[in-house]
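First up is the structure itself, then whatever we jot down about it.
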Amino acid sequence: MKSYRKELWFEAPKRRAFFNVTPQVEQCLRESGIKDGMVLVNAMHITASVFINDDESGLHADFERWLEKLAPENPHTAYEHNRTGEDNADAHLKRTIMGREVVVAVTDGRLDFGPWEPIFYGEFDGLRRKRVLVKIIGE
Amino acid sequence: MKSYRKELWFEAPKRRAFFNVTPQVEQCLRESGIKDGMVLVNAMHITASVFINDDESGLHADFERWLEKLAPENPHTAYEHNRTGEDNADAHLKRTIMGREVVVAVTDGRLDFGPWEPIFYGEFDGLRRKRVLVKIIGE
Amino acid sequence: MKSYRKELWFEAPKRRAFFNVTPQVEQCLRESGIKDGMVLVNAMHITASVFINDDESGLHADFERWLEKLAPENPHTAYEHNRTGEDNADAHLKRTIMGREVVVAVTDGRLDFGPWEPIFYGEFDGLRRKRVLVKIIGE
């Protein structure tokens, strides 16, 4: 069994942002030399997500509005977590909806995807450097 | 390390439907000859899900009503994504709630499940042929 | 490839509770002798979750309130599933929001985590003994 590990770093210029990280994950896969196996891509922070969905700006605006409806940022005082000095309780909830991680099959040296499956890093508490882990195992 | 890969195809006769795919995944496991490892089962489309929950029609009706409450299909014009010519923005959101994939342990040649863990394909934008990927790695 | 499997048992003293299971998963990893690979931690029941988020009591109170808003327990009669003699339809929905499983990378014999990534067992239909599966594969 071979394995590969890399951290990808991101700094969102605002509180919430989505980054298409598919090219970086593909680069990791090439570096690994692994042809068959599985890749795990996960946020290393509990106020951020990794997920697979459409790279379409209208849908991203829909996600923003929808997440604000399901887990609104304001008022900050609505959340007990924010009494600890934090202001990011909503980010913990949004990350829960969007998910921590994806596992993707590797076949013939490629991410084994359907026709439209880009991988996104979803930031819900940005304005600082945060990390995504790429771990690949296989042969 | 051994590996196995298969695509399962589905065509839902309406926009939304759930398919219990456990028998097909068990068949894949038998074909693979893998006795110990992990199986990944994922939707290959971003308007569909793979998840584990109860095979009970009342609960499925509850899921349908609940997903319509959290991410209603109508009006289509409520979603920016639908201005691109699509009408399936709600399906992208529903898939997010229900999840893209499951990873299941393989032990002694069997899906290592608790007492009630069927695997479902959840379709939220049906009436066309769509795919699920089954990838198994192990020994 | 090496593999390891263990069931962890829990009995929540009330309907809903969160257990930080990170120490038990770390103990499993030590017992496995696996230094590099992946660990799957999943609920073996469809009314419970395994997830990664903050070990902070205020946030847990926020989760409780939020899940009751998105998928309220009462009235039990609101759910078709509860007409089957069950009373836990809400637990199936809450588990869907919080997730069935996590997959965590193993690197240098340790759970390859960011700074704050504890693993939780989330019980939504407690007062009985239930299980979590820990499955590790690697070398």
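Before moving on, here are some points about what is shown:
Order of writing sets the labels: A, B and C. Residues in every chain begin at 1.
Assume a residue touches a chain if its C-beta (ideal position, glycine included) is under 8 Å from a C-beta of that chain, and two chains touch if they have at least 3 such contacts.
Note that the structure is a prediction, hence the values are computed from the model and not measured.
Annotation: the chain A:chain B pair of sequence copies touches via predominantly different residues, less than half of the used numbers being shared. Chain C is reached from chain B by a rotation of 120°, derived from superposing Cα atoms (nearest 5).
For the pair chain A and chain B, the distance between C-alpha centroids works out to 20 Å.
For chain B, residues touching at least two other chains, in rising order: 1, 38, 70, 97, 99, 103, 137.
Residues 1, 36-38, 51-54, 56-59, 61-63, 66, 70, 97-99, 102-105, 107, 112-117, 137-139 of chain C are the ones touching chain A in the complex. In the complex of the two chains, the chain B residues touching chain A come out as 1, 3, 5, 38, 40, 42-46, 70-71, 79-84, 89, 92-93, 95-97, 99-101, 103, 131, 133, 135, 137.
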